[in-house]
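The chains carry the letters A, B and C, assigned in the order they are written, with residues numbered from 1 in each.
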């Protein structure tokens, strides 16, 4: 089996920086790397400076933060829920966010922060409902963590129904706007958005890394966890909530970017990582790299159209599930 | 030591209590065995110890404290439990898995110290799995996995040790080795509580056997007191004889053949 | 009944109209779905599910025959008095049938095929028309004129519009053409391509659409690409203009940075209809002020 070497960390960080550099340099207007550095320092053609500083750099950073958040969230959830197919979107986050966004579109509020706020509130509400529903399915005071996944699926199904009803009688412009948002995009990146997303990722991600040792214990099962002093339900719910908030922040910032939270932890594990502290961190790095690459592809594959980010990442799903199938066969 | 006092445990939607008024003591420095037919309530007592079963009446205490008054971490420092079944969702390295036994003792940031590492190596050696340290847990045989789990409990270095069917998959050599280990641990001062349905092994190593039937204590005492053919026959519902081989030094239960009536 | 190609259909319509006001025999033509259309006695209860055809019908004097329109058909003012039956794409078939029309006019998009089939199945004369190019406008007016048995008026309408268009074209022909970006929608950014009559309008008004190389009627484009094509002017509706001005990322486009954004009246220019002439004039006044006298 693979063993994770120390220098793999350098590899991961280098890969992220390399793809980020390429992403800032490439686009409809090709900017050579030297010009990129000049532009960062505020020198050169004002259009190029504006493109690099106001368009590409925030966009690359947003993509990296979204990928990092989703990767870390997925790694934490898979470990604490003891399920290799768990991913942040399964727990109601995506459904709730989409309902919030669609309502805003349908009501005609086009202000930038309106959709972001509504998406975040929607996903938090959905997560809390999922937690409440899981308690209903619990025996006595001990909620089986597996019911959390089922509860999330239930909430997601309800959200889908609500979205369909809302869009059925909506204006074509509303539908177009809502669909475009739901397909995920880093195009709305601006510095304030990057700012609050960065704060959320650092705070929630930091919390996950702090509790990563507890996730190690959780992943052994409820009885073993209890014998090591960890209350599986309370601890599991805590990790669930933080991971869900992390994912909600990414959805609020960039819409639905699927499969990243599912696939990235597996990549990290294939590289030889087991303990959750390094695993969550590596998943964040790999996730960031992946989303920046996907966004680059979205921008450059079919000019002048920009493909939705979620469409590119959804393509990840195919090889992933094929690989899973081969491994289980 | 572990004290079980008039314990009554029930599960929701079960017709009768799983444990119906059981009292016994697993003293320090002794190996105590909980035995009995399937479904007699042995594992329920272990679950009640961990706070994972509904205690209707009575209590379980460890080193004088009712487990319900202790936080799970404090409990984990006082008693190490090896549950009957454990399936890890993801593979871990054996050394890292055993190192998790130190978790209840680690500080805020949960970083291990050199002293912790030493305890882990000792535990690996005691359980006889040092050669497996670099392997992944999903690459172990059933018996190897069981010994690794025992190593984890040993790494906890708690004054009490509870094991639920710890030798199911082990061959003779490994089984005997584990029992010798448990026996020596008991002699060194730990309170060892062993749940096992293998009466013969238990009869050779345990200081006290508590035999349960239908949630109540049927017999308890030294192996000699408990291994009586007529009592065991009525409890297990199968004809048996008790033999005494001087080389073995302990009574052994031998089930008789009973041809099936067609 | 026979199916024929569009040009033959027009020839037939003209031939019929040339026969005068006598009772025309029921002859079939075909619409843009390839379905047969009966041209017989003029319809008296028309539902028009397309802003362009509604405007054309009013101009042809058939406003009184309209019993239904879409909620977007707002010109002329008297159109607002006609009951609105909802959307033109995937219309409410029951609501339309409840007005007992003898002619239903649909926009020929794929979304409307099921509706067209249902109208036909109910025995209602259905006309599905694609009205995307200025030439589509011409043929629509002729066809509607034939159906209303008033081809003379149809010709007058067409001639008047084309006269205006030609005069604008001539006035701007010799002038330097500024490049233009037409902002239709903001998230995502959508503009017009060669397949749209708006592209033709820009051309007539003496401008050049920077996305004329796109074949379809519209395209989704990125800010960077717009910046690369560097249009001289931006055309946008009032909401579009404020969206551009409030978004700092548009500063990478020179025309946005220098505030060279012209506001267009979307009601006027958004459909290829009887006010095409006015539309072209208004655009030419923006791009070449003073060129028209």
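Brief remarks on what is shown
To be clear about the criterion, a contact is a pair of C-beta atoms (placed from the backbone, for glycine too) under 8 Å apart; a residue touches a chain by one contact, two chains touch by 3 or more.
What you are looking at is a predicted structure, and each value in this text was computed from that prediction instead of being measured.
Take chain A out of the picture and the remaining chains divide, by touching, into B | C. With centres computed as the average of Cα coordinates, no chain lies farther from chain B than C. Centrality by Cα centroid goes to chain A. Between chain A and chain C the centroid-to-centroid distance comes to 43 Å (mean Cα coordinates, whole Å). Centroids of chain B and chain C (each the mean of its C-alpha atoms) stand 84 Å apart.
On the chain A side of its complex with chain C, the touching residues are 27-29, 47, 50-51, 54-55, 110, 172-173, 176-177, 180-181, 185, 187-188, 190, 299, 303-306. Note for the complex: chain B touches chain A at residues 12, 47, 50-52, 54, 71-77, 79-83, 86-93, 96-97, 100-101, 103-104, 106, 109-110, 136, 139, 153, 156.
Taken in their complex, chain A has these residues touching chain B: 1, 78-79, 82-84, 139-140, 142, 210, 213-214, 216-217, 219-224, 226-231, 269, 274-275. Chain C meets chain A in the complex at residues 87, 89, 185, 187-188, 211, 219-225, 227-228, 243, 248-249, 251-252, 254.
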